[in-house]
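Got some structures for you, see below.
The two complexes that follow have chain A in common; it is paired with chain B in the first and with chain C in the second.
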Partner chain A sequence: MPVSSAADGTPVWRRTTRRRALLAWFAWLMLVALVVAAWNEMTRDTIWAFVWDAPGQAADIGTRMLPPRWSYAGELLRPLWDTLAIATLGTLLALPIAVPVAVLAARNTTPSATLVRPLALLIIVASRSINSLIWALLLVTVLGPGVLAGIVAIALRSVGFMGKLIYEAIEEIDPAPVEAMQATGASALQVMDYGIVPQVMPAFAGITVFRWDINIRESAVVGLVGAGGIGLSLEASLNTLAWSQVSLILLVILATVLVSEWVSAKVRHAII
Partner chain B sequence: MLRIEGLQKQYRTGDAALRGVDLVVPAGEVIGLIGPSGAGKSTLIRCVNRLVEPTAGRIFLGDDEVTGASRRALRRLRRRMGMIFQEFALVERLTVMENVLAGRLGAVPFWRSLTRRFPPEDVRNAFATLDRVGLLDHVDKRADALSGGQRQRVGIARALLQDPDLLLIDEPTASLDPKTSRQIMRLIGEVCAERRLAAVVNIHDVALAQMFLGRIVGLKAGEVVYDGPSAGLDATVLTRIYGEEDWTRTARSADGEPDDAAPAAPAPAPRLLRAAAE
Partner chain C sequence: MAVATSYPDRWRRPPFVARAWLRWVLYGGAVLYLVVAVGSVEVNWARLAEGLQRGARLLAGFMTPDFSSRWGDIVQGMRESLTMTVTSTVAGILLAIPVGIGAARNLAPLPVYLVCRAVVALSRTFHEVIVAILFVAMVGFGPFAGFLTLTVATIGFIAKLLAEDIEDIDPGPVEAIRATGGSWLQLVDWAVRPQVMPRLIGLSLYRLDINFRESAVVGIVGAGGIGATLNTALDRYEYGSAAAILILIIAVVMAAEYGSGLVRRRIQ
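Moving on, here comes the complex of A and B:
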């Protein structure tokens, strides 16, 4: 350790050894080099005339966006409802898959750490590594365009997210009540019901509402590729360059997200 | 009631926690298990109901062998052994009543426990037991709303509701203040006497053990180094169990009144100071 003695024999303490300090400097140097290299890569293919022009373009679109076309709002109610339905049903559909996967993935509940656990983790990683937009793209080609593709896309993406957070919550429980339940001669299911479920419940509810909140935002996007909801209207408006409608849709999405965040915060607060 | 023969436990890390322990606890006898930290007290108690799997040796509850029992048989045997924990091990978010009824889990089918529809007799028993431990007013509270002493009473009630033959009690007072510790130890002694329960009590506090327990088993480095009456715990014996230390004040308290009134527990501070000065 970085304790040495000076010439007069008094002990000297440093936080790190010289070797570690050098390594840290080298790591920082590499980071700077990486930033420079990335910058070069990025600027090579940039057409700078467009970039210099950007403020003017943005201002132009801004003026076309304002004022929002309020009369269009009536036509948005139905897609908005679809969006909420996609988010809610997608979350509900994900639950019965995410919970068993989480139980199988948690170190302290998995029936086999060598066989079942890696499989459950694979399901979680696979679901998480694919964005819901890409799930939606795939599903629109398989199921055809519409709300159903959106629901399944949202659900498939949510399984990984909720599965991961729930299995982490299961792994963090206090093992003492579990031991106590086992000591009474309870069966494995009873141990789960009494020893584990009550401890995981608050986290579980919080995770579900949190994911629902995220899904409202994501379900607005999956419509862009034809999976139903307000994203469909957004795509249509973008394609027809109806900027005043685009701004209204963005406002509606913003308002919806605000409301859903408020709801999820309330619910989480009430549960914990 | 409990018979342990040549019990050994070697943890996967290679630490030998128990090196051949023999112990017999007849029905109705409450014994204290003392020893320094790491002597294997908790391991021993957990081996009895196989929360920890023994490496070698045999354990009998009555005439039934615990070691080598199948999963089903083990569950049935565990029903006959109530366990009480240092940190109470209650399910914090469940009510007192649910925690106590959890003692019946081994005897009740899954759907009944899931819907919390326990047999009426169990519920009657739970009320009576909660009355016995003095918690009848707290039936509907959540476990995390109780004080330490109250929680341990819930733990005791849960163990009693199993209608066990044997209680395994792991450091019941280590998380409690001195007064509550005495109340809990007295309660344990009383209920064991009422129901003629055998019990093994792990306990840190030598003075408390002498006060409430008749027979003491001293464990050191996984071996029994003393098995005899608590009155026999003198300085020599304590040195054998715990190692060299000034035991005169602790040992003397054994001759004193076995009652709360006697300031039996020696204040640790002066002892430590003296040890440091030597």
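Moving on, here comes the complex of A and C:
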């Protein structure tokens, strides 16, 4: 127990040793220095007059947003349908890519831990590092603006997320059923079908619904770069400074997100 | 009395959805929705054919990434992204700690709890990009809007997970401190802090990763950072530069993920 002595020789209890306290203090100092340096660098070109003006701007935008233009709701039905289609079809399109990648990446099912596994992990990392919106940006230049670019963007981003969670689920399975299947002389495919699939199925369904829920949020914004859905209406309303339409769109997105969260929670609760 | 019950002599695996009618309704509904949804996707085949050529050019750009011609812009964008990431993570965590403590039912009274939970829910509702649009409208273009966006997102994320962590702590030390007559602040400092600190550090490092990834996106709507540079490069059809930027983003994310994984393993 770290103890130091007072001047008259009585021992005093301390939380840590002096050396550790010094080290911690130094680490905090470095962190503060880093943050101050970063702050100075970041705000070098900031025009503070605009920042101090922000509450006024916020109040101004607030008054323009209220009340929402309810009559615009009819024009949002089709974009909303497209947004749901982007999220759902994007998630479904990601599945046939994510599952094989996950099988190749899991230590207990990969055919080669030195050759194939790093490649599968690279696919997962590359897909995860690039945000859906950036995928959408790229795909809009390649496929042209529209729902299709959104679907592919959502799918490409989901591959990494689902692949990672599925391969972790595969690695955590109980090896006994797999060995039992092998002992009966089952082929590799049969082992997978009866030994592995039933064990990862609940996790797999949960992951899919979870990602679908996230994809609803993401598909609402991919339209900002031209990839279809309600984001397109948002972009159009922002460009024309139609703030009363913006607030209505934000309300619609909020409602959609809440509903999808509720659905996903219900489904995951039913599965697990 | 003979009961004529014939048991099946072959094993069948149980269906995924137990109730038969629910199974058919679910499967039927899913297929119907899929057919209608796929049918509603409008595909412009002429544009797609043209796109193949562009895709090939994009891929060619990836094979020969062009770091040099826009190097100044890339450095500027990266600098904005990295400084934005650091400052917003720190500011977000500093603000998230009181909110997180307030959102833990075992430490806060009901009114405080409800207010803090509302703050958490509010900051998690909207996608970062939508928040960024609003901040750009308020404080103007540039990394400061990105900083505010990422700070808000960090508060919701850290406060929610911290609150759940505090609610899960071992109540023994808390009772021990209470029994000694310690004040509420002493309780937090000596009973709660040692229990949640390792996980808080882990979460903070994880959030640092996420904030960098998000900082690459908020630039698309004008909130500064590498995303703005990427958007410009794509608008100018400079696929070589765009590929260089993407490679740099992936490299930084991988380095950050590896580094934070290393630190987290040492702490936990």
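Basically, the second predicted complex is superposed on the first by the 246 of 272 C-alpha atoms of A that agree within 3 Å, B and C clash if a C-alpha of one lies under 4 Å from a C-alpha of the other, contacts with A are read in each partner's own complex, and residues count from 1 in each chain.
One rule holds for everything that comes next: contacts are C-beta pairs under 8 Å (C-beta built on N, C-alpha and C of every residue); 3 or more make two chains touch, one makes a residue touch a chain.
Note that this is a predicted model, so its numbers are computed, not measured.
Once the two complexes are overlaid on the shared chain, A:L93 sits clear of chain B and of chain C alike. Of the two partner chains placed by superposition, A:V263 touches none, neither chain B nor chain C.
In the superposed pair of complexes, A:P198 makes contact with chain B and with chain C alike.
By the touch criterion defined above, A:E179 lies against chain B but remains apart from chain C after alignment on the C-alpha atoms of chain A. Greater residue coverage of chain A by touch, when chain B is weighed against chain C, goes to C. Of the two partner chains, chain C is the only one touched by A:I151; chain B is not.
Residues 194, 198, 201 of chain A lie at the contact with chain B in one complex and at the contact with chain C in the other.
Across the complex, chain B meets chain A through its residues 49, 51, 74-79, 81-83, 85, 87-94, 98, 102-107, 110, 113-114, 155, 158, 162, 168.
Note for the complex: chain C touches chain A at residues 13, 16, 33-34, 37-38, 40-44, 47-48, 50-51, 54-55, 58, 79-80, 82-84, 86-87, 90, 125-127, 129-130, 133-134, 137-140, 142-144, 147, 213-214, 216-217, 220-221, 227, 230-231, 234, 237, 242, 246, 249-250, 253-254, 257.
For chain A in complex with chain B, the residues that touch the partner chain are 176-177, 179-187, 189-191, 193-195, 198-199, 201-202.
The part of chain A that touches chain C in the complex is made up of residues 31, 34-35, 38-39, 41-43, 45-47, 50-51, 53-54, 57-58, 61, 81-82, 84-85, 88-89, 92, 125-126, 128-131, 133-134, 137-138, 141-144, 146-148, 151, 194, 198, 201, 217-218, 220-221, 224-225, 234, 238, 250, 253-254, 257.
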